[in-house]
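Multiple structures follow.
What follows is a pair of complexes built around chain A, which joins chain B in one and chain C in the other.
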Partner chain A sequence: MSEFLLQTIWMVPLYPLAGMILTIPWSPGMIRRTGPRPSGYVNLITTFFAFLHGLFALTAIWNQAPYQIFIPWLQVANLDLTLPLEISTVTVGATVVITGLNVLAQIFAVGYLEMDWGWARLFALMAFFEAGMCSLVLCNSLFFSYAILELLTLGTYLLVGFWFNQSLVVTGARDAFLTKRVGDLFLLMGVLGLYPITQTWNFTDLAEWASTAQIDPKLAALLGLALIAGPLGKCAQFPFHLWLDEAMEGPLPASILRNAVVVATGAWVLVKIQPVLSLSPVSESAMFIVGGATAIGASLISVAQIDIKRALSYLVSAYMGIVFIAVAAEQTQTALLLTFTYSLSMALLVMGIGGVVWNNTTQDLTQYGGLWSRRPVSAFAFIIGGMGLIALPPLGGFWSMQKLVEQLWISNPSIAVLVLIVNGIVAFSLTRTFGLVFAGQVKPMTYRSPEIHWPMALPMMFLSGLNLHVPLLFLQWQLLPSLETVNLTVPLSLAVSSLVGFALSGVIYLNNNWQKPVQLGWKPLQDFFAYDLYTPTLYKVSIVFVVDLISRVMYAIDRYLVDGLVNLTGIVTVFSGQTLKYNVSGKGQFYILSILLGISFLVILVSWPFLSQLLIVSK
Partner chain B sequence: MQLQLQYFLLLAAALFCVGIYGLITSRNAVRVLMSIELMLNAVNLNLMGFSNFLDSQAIKGQVFTVFVITVAAAEAAVGLAIVLAIYRNRDTVDMEAFNLLKW
Partner chain C sequence: MLSTLIWLPVIGAAIIGVLPQEKAARNARNVALIVASIIFFWTLFVLSKFSISNPGFQFTEYLPWIETLGLSYHLGIDGISLPLVVLNSLLIWIVIFSSGDKIARPKLYYSLILLVSSGLAGSFLAQNLLLFVLFYEIELIPLYLLIAIWGGLKREYAAIKFLLYTAVSGILILAAFLALGWLAGSTIKGSTLNFDYETIKSTILPFSWQIPLLITLLIGFGIKTPLVPFHTWLPDAYVEASPPIAILLGGVLAKLGTYGLVRFCLGLFPDAWGTVAPSLAIWATASVVYGALTAIAQKDIKRMVAYSSIGHMGYVLLGLAPATPLGTVGAVAQMFSHGVILAALFYLVGVVEEKVGTRELDVLNGLMNPIRGLPFISAFLVAAGMASAGIPGLVGFIAEFVVFQGAYATFPIPTLICVVGTMLTGVYFVILLNRTCFGKLDNSTAYYPKVLWSERVPALILVGLTFFLGVQPSWLMRWSEQSSTALVASVQVHPEQQIAKVIEPLEK
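What follows is the complex of A and B.
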């Protein structure tokens, strides 16, 4: 049975695709009488089947060698576009994580979108995402990965623009699409530039090629930078990070997916092309710089946010920055492990705050407070998610971070220190969010705050359990370091950095005597981080300004110069007709004169040879 | 001085040109008709000259001239009739006043 399911693992993306199509009839314009709820249930069923399929296939592939299957797509001239699928423990496991998180997010959505009519659209798009992500992890070709990334970009646009009658949603969806699109287009340049050199887009073949390749360092650097640019936009890294902030305007169940899994698709591609990237030290240091800057910058920004969703979205950028660092340090296994633990924890965190936002209406952290005693489920989920995210033993995030830092300690001590600092800041930020929401005084907005109903509590609790089990899973998979060989410095420093972050933040935010809102000594610095390093302004004065200016100039050239030239021809013709008509003077004698002039001109023309001869002779 | 064909032709050309000048510049419609007569006479002079110098046996040119005189008379008659018809309507024979058919 599971052997058969493994053979047909390529069907996993088809379940959500079928679900996507099946939801369409429940759009408000089609089934007008019975409401949109069945669309959600249909999707839950298809997603659950996809999850089961993946799970059984995973038991079959466990401890077996990976293999590829090929699905022919298009063969034209010398180009062979066959879709290769890689069936390995990692890829099948990734589909299980994706579909599993989707099941939970969709149950959550059933609760969260209680009062909404747009179920068909939301669930169709979530299913579209699920299908895209499952096919991305299964597909083993850079070309098809690019195609799927573009589809996901379109999906992001539609999903962020879900409640499109809100103006901020429209601008957010626009920025999300354009920013990711720019990254994807650079990726396309890299994809197209790679083919003439390697003659293949298959990740396995690319890795093989890269192990012996000798190419011009400049070419390798340019290729590497172009290939990084795609994940750069997808993972919301500096300077392409603004879209994730604005994407928080979208519906929250979709944010669970986006924060947990969608941004990880960029990291997945980055991990897959790591052998090519390692050809160039330039692209590796670029990854270090971008990842490091994003990790530090975004975690600091998150500390300064007052919007509960945005305080988490910047942590997404920060964690993806750490994944970039891991890939730059050529630790692809650690990067995947980090993505895994991060996904589970971040999904739980977003669910936790989603539960709080749902029945307190506000997202403003300064208007929250004192929810601890009445919202134990949400608080518990938030605590588990937060502890799983940062490096705090014995939960999952600690072990992946420990692997990363241990290897960085040897190769790049300064980066290792940076990761420790980021870990501390993230701990500070999460404790701050927790303190502001759950601890302290009750505020008017949180005065009556009942606990959420079961469709939101169930996935939250289930995911909490899963997060708590991650260390046991690691133990089962023999991913934990053995106690004899482990160097105690790294785990200790990680734990210390987390605890310092906790303690500092706890003193400020879990302490009712500390004056809130907290003012930093120097207001401009606080504003600088609170306003996301003024990135919107930066975009506005740089790239948006230039493109806008050029397009205005081009429009003016088109409007006045090109159109003007064509119109000028017409105007000249009209004008000449208007003027030349005065030749028809209405005077008979004038006509006779023209006839005579014409005849004499013609005669002179015809007899010119004779006349000129006569003139010569007479001389 | 021997009279030569060229002299006749030059005289006829001069007369023709005088006729053209009159034809184009006259404001009086009758004078235009008179200028046309001048031009026809210049043509007749040519025909007579050629007939005399080049075809003195068959004198076909003289026959032509007879025809031209005849047709010119008829044409002048019709022309004057047209001028009269216009005059009845517009009470003038000024060519400048006949510019109704313009653009």
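What follows is the complex of A and C.
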């Protein structure tokens, strides 16, 4: 049974696709009688089957060697686009994480969208994402990975634009699409540029090629930068980070999926192409710089946000920055482990605040307070998610972070310190959010705030349990370091950095005597972080302004110069025709005169070579 | 076999001409639809008999006509013209189906459309240069009338502009062809004047003559395609024409230009093509970027789609420039995919204009609204726009990708700039979709007539085809592979210096 399911593992993306197609009858105007809800249940069932399929297949592939299967797609001229799938513990495990989280997110959506009319669209799009991500992790080719990333970009556009009535949603969807598309197209340039050199897009072959490749450093750097750009957009790294902020206007169940796994698709591709990136020191340092800057910058921005979803979304960028650092340090295993623990905790965090947002009708952190006694389930979910995210023993995030820092400690101590600082800031930010929402005084907006109903509580509880079990899973998978070999400084400093973050934040935000809202000493600095480092303004005065201006100028040239020339020719023709018609005077002598003039002009013209000779002679 | 595609529409037009005046609207449409359906099925029949492994012309028909002029009725089809003939038959059906019963002067309208179909099929099938020019010019007359009679407010200006431009294009092509025929005739002693494609292809002209002739032809077909800066007839003609006619113009007629580029420029001047190819790649890039940038500045959705067309035709030239089998296959695929996608876009824009009553971006809003908006039309518009912007899974992506892949090895820099062009395509389609489909529907104006199922059918077919060929692109590309390989076999394009620099270190 499991063997059969393993052999048919390529079917996993087909379940959600089938669910998507089955949703069509509930699109507006077709089935009205049942309301839109059945579409959601259909998708839940198909997703659940996908999850089960992956789970059984995982037991079959466990501890087996990875292998590839090939599905021919397009052979034309000398181009062979065959879809290679890699079947390994990691890829099958990744589909299980994706489908599992999607099951939970969809159950959550059943509760969250109770009153919404757009069920069919939301569930179809979530299934679309699931199918896309499952194919992404299974496929073993850079070309197909690029294609799927582009498709997910379209999915993001539609999913963020779910509540398309609101203007912020519309601009958010637009920016998400365009930002990610810029990254994708740089990736396409990399895809195109790589092929003439390697003659393959297969990740396994690329890794083999990269191990012996001798390549012009300039070209390697350019290729590396192009290949990084795709993940850069997906993972919302500086300077492409703004879309994730705006994407928070989308429905929350989609944010669970997006924050937890969709952004991680970029990290996945980055891990896959790491052998090629390692050819160029420039691209490695670019990853260090971008990852480090995003990790620090985004976590600081997160501390300054007053929107509850945005405070979390910037932590997404920050953590993806740490994954970038891990890949730059050539620790791909650690990067994947980090992504795994991060996904589980981030999903739980978003669920936790989702329940709060749902029935408090505000996302403004300053209007929350005192929910601890009213919302114990949400509060515990948030605590467990937060502790799982940062490096606090004994939960999951600690072990993956410990692995990363232990290696960085030796290779790049300064980066290791940076990761420690980021960890502290994240701890600070999470405690701040927790304190503002759950601690403190009850405010008007939180006065009536009953705990959420079961469709939202169930996935939250389940995921809390799972998060608590991550260390046990690691123990089972023998991923925990042995006590004899471990360098004790690393776990200690990690724990200290988390605790310092907690404590500092606790003093401010769990303390009713501290004046809120908290003012940073210098207002411009606070605004700098609160307004996302002024990135929207930066975009507006740079790229948006330039494209807008050039397009207007081009259009003006088109209308007035290119077309104007054509119209001028037309007008001149018409005008000269109109003028010449007055020559038709009906007088014989006028006609004879013009004939004579014409003939003499012709004669001069024809005999010009002869005449010019004469002139020269006369001189 | 092939003559049916040319003469059946003519017979259909004649039948429509003699229909009684009462109930003319319905009867004319029905007759036209039946004829178009027969043509379409006949095309499918040709398709089923077509041998993919044969790179040469198939189903050839030969009938001497005016031998002293070198004109003969010589038809044939190969892998390059086949997709375009299919496109022509498909879009004519769509055009007739979507025209509705409310058209003024229906008998004239439908017979003209059938005549256009005949002329287009004739141009794609003609194997004699003069015969090609004949069909190429003949189809202008019905199209001129179609724009001038059933168009928008500035229809006369647009129609005349269209006529003048394309007539100039025809004259240039005729001049080049005549020169080509005479030169080819004079190189072989004692031969009579002959304009047969194969004969001319087999004679080798002196290189000094090839370049000026090729440039004349390039300008001629460049006007028709159109390529910047010969494009200004396009926005006016496309926008002023009624949506079905715009589909004809942009979907099929423009393909005549690119078809001419492949068949007569690349095919007849292999040596000269190798020399001008780098400039062609730059020309293509300029068209792509120019079309995309000007489209961003548009305020009228139909005009935006029209400008997008300029950019997309640039990709065809980019695919042809390096004269690689892959690039040529990509170019043919891009012609087909652009035809289908543009038809879908024009159709949908037409529906929006008809139901909402405006094409202004600043007025349109919230059409995705499920109850009072146009949800299906919006969904199709999203799909078609994204197909045009090159999202994978839809046919526009794979066609453009094959073009890029075919061109990159020879012209890396122009190809990368064209990739930026697809980025800009994304920009204006997002603007279009955001303003029309997204946003809040204005309650006071949202009393739109219902969209009938019969009005959704053309969009469904076109978008469905876009999707199907995007998932299964070998159905589109396998036809032209052999013919493309044969066509470019003798062309030598010298790659740019950049790629040499790339390869050099590898070989060490």
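We adopt the following convention: the second predicted complex is superposed on the first by the 584 of 619 C-alpha atoms of A that agree within 3 Å, B and C clash if a C-alpha of one lies under 4 Å from a C-alpha of the other, contacts with A are read in each partner's own complex, and residues count from 1 in each chain.
One rule holds in what follows: contacts are C-beta pairs under 8 Å (C-beta built on N, C-alpha and C of every residue); 3 or more make two chains touch, one makes a residue touch a chain.
Just so it is clear, the model here is predicted, and its values are computed rather than measured.
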Touch count on chain A, higher of chain B and chain C: C
First, second, both or neither for A:75, with chain B first and chain C second: second
Which of chain B and chain C A:475 touches, first, second, both or neither: neither
Partner chain(s) touched by A:571 [first = chain B, second = chain C, both, neither]: neither
Touching partner for A:195 - first (chain B), second (chain C), both, neither: second
First, second, both or neither for A:593, with chain B first and chain C second: first
Which of chain B and chain C A:178 touches, first, second, both or neither: second
First, second, both or neither for A:582, with chain B first and chain C second: first
Partner chain in contact with A:151 - chain B first, chain C second, else both or neither: second
Residues of chain A that lie at the interface with chain B and also at the interface with chain C: none
Chain C-touching residues of chain A, taken from the complex the two chains share: 27-29, 73-79, 117-118, 147-148, 150-151, 153-154, 157-158, 161, 164-167, 169-171, 173-174, 177-178, 181-182, 185, 188-189, 192-193, 195-197, 214-216, 219, 547-548, 550-552, 554-555, 558, 562-563, 566
In the complex with chain A, residue positions of chain B that touch it: 20, 23-26, 32, 95-96, 98-103
Complex contact set, residues of chain A against chain B: 581-582, 584-589, 592-593, 596
Footprint of chain A on chain C - complex, ascending: 161, 228-229, 231-232, 290, 293-298, 324-326, 329, 366, 368-371, 375-376, 379, 382, 386, 391-393, 397-398, 402, 404-406, 408-409, 412, 415-416, 419-420, 422-424, 426-427, 430-431, 434, 437-441, 473-474, 477-478, 481, 484-485, 499, 501-503, 505-506, 508
